[in-house]
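Working notes, beginning with the structure itself.
Chains here go by letter, A, B, C and D, matching the order in which they are written, and residues are numbered from 1 within each.
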Amino acid sequence: MIIVMSTGATEKQIKSVIDKVHSYGLRTHPIYGVRKTVIGVIGDNKTVVVESMSGMPGVESIIPILQPYKFAGREAHPDDSVIELDGVRIGGREVVVIAGPCAVEGREQLMGIARRVKKSGASLLRGGAYKPRTSPYSFQGLGEEALKLLAEAREETGLLVITEVTDPRNVDLVGQYADILQVGARNMQNFVLLTEVGMSGHPVMLKRGPSSTITDLLLAAEYVIIEGNRDIILCERGITTFESYTRNTLDLSAVPAIKHVSHLPVVVDPSHATGKSHLVEPMCLAAIASGADGLMVEVHPDPDQALCDGPQALTLDGFDRMMDKIKAIADIVGREI
Amino acid sequence: MIIVMSTGATEKQIKSVIDKVHSYGLRTHPIYGVRKTVIGVIGDNKTVVVESMSGMPGVESIIPILQPYKFAGREAHPDDSVIELDGVRIGGREVVVIAGPCAVEGREQLMGIARRVKKSGASLLRGGAYKPRTSPYSFQGLGEEALKLLAEAREETGLLVITEVTDPRNVDLVGQYADILQVGARNMQNFVLLTEVGMSGHPVMLKRGPSSTITDLLLAAEYVIIEGNRDIILCERGITTFESYTRNTLDLSAVPAIKHVSHLPVVVDPSHATGKSHLVEPMCLAAIASGADGLMVEVHPDPDQALCDGPQALTLDGFDRMMDKIKAIADIVGREI
Amino acid sequence: MIIVMSTGATEKQIKSVIDKVHSYGLRTHPIYGVRKTVIGVIGDNKTVVVESMSGMPGVESIIPILQPYKFAGREAHPDDSVIELDGVRIGGREVVVIAGPCAVEGREQLMGIARRVKKSGASLLRGGAYKPRTSPYSFQGLGEEALKLLAEAREETGLLVITEVTDPRNVDLVGQYADILQVGARNMQNFVLLTEVGMSGHPVMLKRGPSSTITDLLLAAEYVIIEGNRDIILCERGITTFESYTRNTLDLSAVPAIKHVSHLPVVVDPSHATGKSHLVEPMCLAAIASGADGLMVEVHPDPDQALCDGPQALTLDGFDRMMDKIKAIADIVGREI
Amino acid sequence: MIIVMSTGATEKQIKSVIDKVHSYGLRTHPIYGVRKTVIGVIGDNKTVVVESMSGMPGVESIIPILQPYKFAGREAHPDDSVIELDGVRIGGREVVVIAGPCAVEGREQLMGIARRVKKSGASLLRGGAYKPRTSPYSFQGLGEEALKLLAEAREETGLLVITEVTDPRNVDLVGQYADILQVGARNMQNFVLLTEVGMSGHPVMLKRGPSSTITDLLLAAEYVIIEGNRDIILCERGITTFESYTRNTLDLSAVPAIKHVSHLPVVVDPSHATGKSHLVEPMCLAAIASGADGLMVEVHPDPDQALCDGPQALTLDGFDRMMDKIKAIADIVGREI
């Protein structure tokens, strides 16, 4: 931690800051520059120090040097984390594809999609049972009925199941049916939910919040990890910007950026990010080319009839075509599918 | 709802879209322009229609005409909503000031602040019992112990109490101690929590999410209203932008904008928005000048020692000075305090 | 400047960075922390150092300590700058109001507005002669004819004239007619134009670019200052965000923020920021309450007929009503008009 | 154009709006909905109509239906535009790679890079002669001397030359040396410069402004086209967002989005977008996978010594490695290099 004193800071103010640091059991190392004094703080910095001291007289700013997360960072775990689950490996050499409808609408719809995406090379089935929707008047999901259908689809196809949990009281219930619990973008900083999925023992996929930095995302992962759950998959799904052609702006440079600072696997969801099916394939290809460990893609046999987010779904044929190209690109970047 | 067909849309595509609209029991009104055809849709539009049809062949875009919220809008309720609570009126001619520490740290701290802000003209006491923090290593609040202290402070000072609820399982508990339940910015789209506070019977203060539009905020309010709870106070507390001098960018034009489209009261929280105490007073004055129905301000007797967000807290003297100016400005804009 | 070495940086890498710094004639001051080494750099840091060294092996990041601007900052000039111009003082105790049409449309329009705003208390007349428009199909201004009309209006009313210059080749021409040269938001980083107005000898109003930070704005001012022109007025006119209700998001906390770090006067333009006339008065009041040194407001006798930005113009009566309140608020914050 | 009347709009207000539209020589087509009236406007809508009428009493909003650009859109030119220049085709089946230093620093540096990137498959040489820099204290380029070196490098290697022009007075000069004129991101809405390069007869590369939407970019292209110059290459180079790990956020979904609405070629500049060399290769691969027509990449033999933007430059070896992968990915998406 570096404390930057303002240009006019008095010796007394500097001394007072140094004394305060010492009172926390930390050591100081002042540097008297030409125009400013900065004070290096040495020791295992407590966050609270940063927070409370920046208002002291003469302090211009406080600059943290260490990353605010501990276990989610590569410094704590230099090698890539690989999550192994019933023969599916996430974060290793293999690229995983998660596919399925936005929302589970019924048995026929789900089974049809599940069989087809399995055949095309997907390893996991997605499908919303509880849908967090901006409007209370939008379709909110079939709830437990959907969970049962997902489990049935797994039984038949062998696809693992991932579905979103939105309520801390439902974590156990969802965990009975799903292999991986998804925390949605809007809940990325729902710390109560993060703690609950952290205690669940299930792998967790954590979607990046629409106004969350990479650091915020890793701090959210940290909430899960400190409950003892290290099986976390991060998901880039677009951030909020001024551009309105797409629903969100897919931040693909976050993929190599996150992999640089963290050991956790990163998948990309181009369906929610773009909101437009004609952008999904190009962004799937780009995601794998950028180094993503996997994709999450919405697929619907008849997008015009979908109860949720039809415009962003690939058709079953569109999914097949995309998968062929994905396999070729994975090979070029040293991955396989 | 207006369906815009793309320039090259065929007659067959146009007919197919019209048929689809009719299948929903809605009427159509096509306009054949010089270069494009648009189809007006008449009837009580179902959201799902908008969602599912935008992917149909030949459809370029779908433009909603009606606001997506019903009860939160001024069309449903032309007059300002006023929330009356033990003699405090929010949304009326009176400007309300909510003041207190970021987090409740102990009896002495809380009582000292409560007595003082009461004396200076505050009507409500704020104080975090459950603190949602970006980092799991930051102070998370004292929980129920803090709730008891808040209730004690109300007992002594007569200030009403507002505090944040972060867990749907805690809504009842918090409601036993607090007068108004606060839903924090990070939980603005935690729909499970919105539903729960909607059913609680308590007035709710809903903070705008950092990447939420005004429309998103009103849709979040709608989640509370449809549970039968119309006592909602909206709070502008800054949005996420590229500017990093302030923690968030306080969007003060949202105040008259929200009041133009909605009947709900709007308060402003300059402390969280700016994150810097030297910006708090100017932004408090500006908020009242812009037409806000109230303020939420963090106050701490000794900001350097605060366990949470010290740098953004006003001192007790600073709060007094701010209140004097607020009273004068309220008068100019036809309000009182 | 602080150079942060990554956790795994070798002694050799550290030495190599230190040697590089010394080769620039700067001194180093390393701090060996528990997990990381940081190197304080002492001396008059050259920007190029920061830029070139951050890619060296073992370097995690480089953190500048000094502000990147010199003359625009308060450290170089602790007192507020006051620009005096024919009896009008900008940046002093007086609040200045700049009013007029978006674009000069003709003699009758301009004279009518000029007489009226003069009577209501404005000190400067605005009016676009050269309009930078997003679309080439929008009205682009009357050019020199408009400049002549502005000069004529000054002659008659005594109002000083401010108008935008968009072309470095036109700086002399515009300077023959106008008292203050305006550099528009889209040209804030048109460094060729900044240099030219810097050399012109005329006071300059510099509007903040829609994606420019406060620091970027002050660096743009620095381009003008280093040409020897210190008469600069900064203008907050909204930044680009995701909120689409308003055209831009007026960043009013930038007003006290800029005044904290810089000595230059700051005016606010709520017309362009909001794009909606019903938001203009509240934001004018809020701007003065936040500490702005002045306002720039669009006024039109008949907004429905305006050739440019009618929806954001105040009517003449609306301007009068606003001015009455502005005077009262100025008084509360220790200013006058 | 659709004019949406507010819920309470009176018949008189509706009539008055209709009359106003007729006065512009346009036809109207009102739709009386359940809760609102909307008025379709038919004819070749003048921009000014949209602008002036949205403030009329009873008008809630005005929604344009036609794209605001004419010649830059695919409706005007359904096939992809291909720019042919001395054997280099941009926008066709071939993917073009533009490589070179951020700034021309001297003969040896430039020639060394030019020979090497030519050998690795680049078709165009980039190199800044006039550098628009945020700070006036950063290196501003060698000016005409740099232009001469670029021309010399073309002579020797056969690479075409692209370089930025920042001053309308320099367009002729730069055009004497360069094959393609680049308009930088900060100048994307410098309409004076756009007009000048439009008249130059040289192909133009137009970089997207950091807060410009896709529509804004196409309107900027329109400024060039209406001067008779249709040889325009668009360049995505990152937009301004809240994420600070990267310098800008590369908006790769803009590539297929632009190609959907426009016929103009799109290249991607990952160097400026990310600002970090370790992100450049992944983003180059992703750009080609997303359908970009080319890349613009900064290369430097010794990034630590670069006078400008060293941290984002690839080394010569890094460039070679990237090119090998690019060729393989181009093949998968049906392109070649």
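To be clear about the criterion, a contact is a pair of C-beta atoms (placed from the backbone, for glycine too) under 8 Å apart; a residue touches a chain by one contact, two chains touch by 3 or more.
Bear in mind that the values here come from a model prediction, so they are computed numbers and not experimental data.
Each step here moves to a touching chain, and the least such steps from chain A to chain C number 1. Because chain C and chain D share one sequence, their contact can be compared position by position; here over half of the interface residue numbers appear on both sides. The chain pair B-C and the chain pair B-D differ in C-beta contact count, and the higher one is B-C.
If each chain is reduced to the centroid of its CA atoms, chain B and chain C end up 31 Å from each other.
Averaged C-alpha coordinates put the centre of chain C at 26 Å from the centre of chain D. Rounded to whole angstrom units, the spacing between the C-alpha centres of chain B and chain D is 38. Among all residues of chain A, those that touch two or more other chains are 211, 239-242, 244. Chain A contributes residues 2, 4, 7, 29, 31, 33-36, 38, 40, 42-44, 63, 65-66, 75, 240-242, 244 to its touches with chain C in the complex.
Across the complex, chain D is touched by residues 20, 46-48, 51-56, 68-69, 132-139, 166-169, 186-187, 189-192, 209-211, 216, 219, 222-223, 226, 239-240, 277, 303-311, 313 of chain C. Contact residues on chain A toward chain D in their complex (touch as defined above): 211, 213-215, 239, 241-246, 249-257, 260, 270, 273-274, 276, 278-279, 282-283, 285-291, 325, 328-329, 332-333.
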